[in-house]
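Structures are listed in the sections that come next.
In the two complexes that follow, subunit A is the common piece, with subunit B as its partner first and subunit C second.
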Partner chain A sequence: MSLWNPFGSELRKTATLPAAWAGVLVALLGSAAITALNALTVRGAVAAGTPERLADTSPFETGFAAMPIIGVVGAVVIGVVVIGSEYTADRAESGGARQIATTLAATPHRPTLFIAKALIVLVFVAMTALVTIPGNIALARAIIGGAGIETVTPAEAVTRSLSTALYWALMGLIALSITTLTRSGVIPLVVLIANSSIVSFSLLLTNLTPLAHWLPDMAGRKLFGFPSEYVVQGGLDPVPGAMVMGGWALVLMVVAGIVFTRRDA
Partner chain B sequence: MIQVDGLSKRYGSRAVLSDVTFQALPGRVTGFLGPNGAGKSSTLRILLGLDRPAAGSALIDGRPYRSLRHPLRTVGSMLDGSGAHRSRTARDHLAWVASSNGIPHRRVSEVLDQVGLADSGRTRVGRFSLGMGQRLGLAAALLGEPAALVLDEPVNGLDPEGIRWIRGLLRGHADAGGTVLLSSHLMSEVAEIADDLVVITAGRIVAAGSLADVTAGYATLEDAFFGLTDGRQGAAR
Partner chain C sequence: MTLLTCVSSEITKLRTLPLAVLAAVGTVLIGAVITAALAANAVDQGAPAGATAVLQAVPFAQVGIILLGILPAAHEHAGSQFRTTLVAVPNRGLLATGKTLAALIALTVTAALTVGVSLATAAIAHHLSSVPLPARGAEPWALAGAAVYLSLIGMLAHVVALLVRHLVPALVTMLALVLVVPPLLAGVTEHARWLPDRAGSLLYLPGADTALTPGTGALVLVGWVLVIGAAAVAAFITRDA
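Moving on to the complex of A and B:
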């Protein structure tokens, strides 16, 4: 079965789903608010002659600070709602129907459908990254102006931006896979968002066992490329870490894809 | 033509379908009648490739649903209500359904007109009444101009005018050579609309044939229904 019709259909479906845009907006506006706050702090500290209170005054680092948290939340929301919305029940008085029946009637070849959905997650996350990451760095530059001292080279900036987009994409696919297994967006949303923003359970786990460094979010964290003196020590280097995180995403997608294909709708 | 042959399905230890066999022919409206919980929806879900049977087959023109390349152009279906996400508009819902099967976009406006939702195309499905949801579900079923229609309780929630309208629509579809299979627990509705009847109760087919054959020996379809199903499960609503 050709992938084109299911992909086009899923793209249209997601583009007309308000919750998907909520994910994009969370990443974009949430991070912009943090960047503005950080950048004003940097500018204020430099103006007051106390830049040594800060780790650095780099516009890139200032604009980049929200990427590991708010950006990840946006990617998780996108990954969850692309499949979770299929299982949202309509009001009971309208029959309590779920859209998944319509979707599977339209595209009964389920592996194709699942791949189409994974591609949609990648498209939306990539689009979000494309606007959010350069946008925040530009915002930080605009606010800090000439006051800051850039410590990150353009080549590093590009690498770290692309690596961040990769981290988001993998988290989006992991969220998609977990939500496919749970058939409801609530639990994956709460767990994944809490873990990536409020309390990182995986980070806490590393205190108990070094194996926790192999959990997907911990494995991939060096992709953000923060200077090593500012991050928790230990764990996997960027490239092996990315491979481990990618392995998690792949395994979860294969499991979710098989379950999705075999179970009753 | 729809051919269901020896379908069985269990949920845990409970048999929901046992050796369900019947057919729905082109040019005829086939009513699939049974009390709530008798296995009507389970049968239709298997027919549409949503659920898998433990045994047996359900074929549309000789092919399983899952093997159809553009299924919506062969079979239009509606299972409980709109089948749409509540935060999307009716028009946006139909648009993604159309593009999934390469159906031209102009069909969206055509079916909205056809089901009487032309003025509600930009309304979010969450604001629809039950009857409007049914109409939207029907619009999606008609989108691909399919030869066969498979509808689960299509008159649910429709007002008298809507019921009269859908009766005309389905009659016209069968008269034009199409196959119509519709489930219902409302005997009076089925008696008005069906040429053939398939009666299911507790997962088993207890009668199948033309309306006249099935009701032979009974004064009314209602009497026939209770006679055939032993009046189980308070079927008459």
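Moving on to the complex of A and C:
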């Protein structure tokens, strides 16, 4: 069986999974709400003549503020449910079985199936990023209008948007890998969502050892490209950071792929 | 069937649910390990390692207690267990009460253990250092407040799970409501103080807000639990299983 057929079936499966769309909507609507509030604050501050109490009045920064946190939560949810839904027990009336048994009967070649799942995560995260990131920047622009002073050049804006999409995609793949290993969405959801928030275990670890800057979420955080005075100092630069984060994603994918291939379903 | 037997059967269910035990033990361990890390860090910088480290560990420990709060309601819907439960306890009002009391007991015990073990960890870390003991402040109240806060945030997780019934949506809702949204909103509007974790955190960080006191902050958090709880119980009683 080629990769194309499992990809098509997995795409349809995920597209009809409400939880996957919940992940997309979390990223889209959650960030839009934050952006609208932020943009109204900026407009109000400029109208009141007190823009100096804000860090800046740039429409791009305003629309971008929710991306590192809310967008990552969306990517994590997508990564978790694509594989986690396979292991949820069905209703007792229909046998109480797990969907993974049916999936493996339809696609017995497990590496192909796992690669198809990873591609689905990438497709969904890319689709979410494509709508969410430009959408939020446009929303911020529409609300702020000419009141703000843009500090980000178009080239920087494109680079930062693409880097953010890369971070989301890698986070989605990491979530997929960890969920494949645990066969339940609970632990990956708790760890990855908590880590993307202020209550970050990785951030806490950086206070104890500089090695923690090499953890995937800390390594990739410069990809968001925030001005250095607003972020935690130290750590890896964007390009080495992206490579370290990509390395984590690759290693976790390989380990999860091998375990998925060899383990009893 | 009396309320007492109902509560005891619900507690038996929780006690024998591996994930619930894991969540409770995990909460205590997270609290202790993070406290130890923060205390070690404080001692390194020559500061006393005391209750402050315990209080700073509370936001991390709440992740575990949220999971524990979600499980009593959510695990019933992971298979067909909920219908078995309803056969045994057909009175749904009684069942909701019993389940909530069982959750409250499990959460309170876990919260108290978390704060207690964390405090012991901090005390050991302090004992191993040569930093002088600080003058005693209002810390005992803040520590008790931390335990109350953890129980209440767990109860919020319980009522949310009772309302949405399934583990993953309840977990994402709670983690977003408690961890993700507050910092983003706090940068935008002062009304972020009415969010459950911001209001409740005054219990262990008294004086962090200008409008709310620990007492009124706790009331706001209790208000969240009661409002969502009322909707959850109404749905629990009227909805098809």
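FYI, the second predicted complex is superposed on the first by the 260 of 265 C-alpha atoms of A that agree within 3 Å, B and C clash if a C-alpha of one lies under 4 Å from a C-alpha of the other, contacts with A are read in each partner's own complex, and residues count from 1 in each chain.
In this text, contacts are C-beta pairs under 8 Å (C-beta built on N, C-alpha and C of every residue); 3 or more make two chains touch, one makes a residue touch a chain.
Since we're looking at a predicted model, the values are computed, not measured.
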Partner chain(s) touched by A:Ile69 [first = subunit B, second = subunit C, both, neither]: second
First (subunit B), second (subunit C), both or neither touched by A:Leu204: second
First (subunit B), second (subunit C), both or neither touched by A:Thr107: first
Touched partner set for A:Gly8, first subunit B, second subunit C, both or neither: first
Partner chain in contact with A:Ala19 - subunit B first, subunit C second, else both or neither: both
Partner chain(s) touched by A:Gln99 [first = subunit B, second = subunit C, both, neither]: first
Touched partner set for A:Ala48, first subunit B, second subunit C, both or neither: neither
Subunit A positions touched by subunit B in one structure and by subunit C in the second: 19, 88, 91, 96
In the complex with subunit C, residue positions of subunit A that touch it: 19, 22, 26, 30, 34, 37-38, 41, 65-66, 69-70, 73, 77, 80-81, 84, 88-89, 91-92, 96, 185-186, 189-190, 193-194, 196-199, 201, 204-205, 207-208
Subunit A residues within the subunit B interface of the complex: 1, 5-6, 8-10, 12-13, 16-19, 85-86, 88, 90-91, 93-99, 101-109, 264-265
Complex contact set, residues of subunit C against subunit A: 19, 34, 37-38, 40-41, 59-60, 62-63, 67, 78-80, 167-169, 171-172, 175-176, 179-181, 183-185, 187-189
Residue numbers on subunit B that touch subunit A, as the complex places them: 45, 48-52, 65-66, 68-72, 77, 79-89, 92, 95-97, 99-102, 125-126, 128-130, 133, 137, 140, 156-157
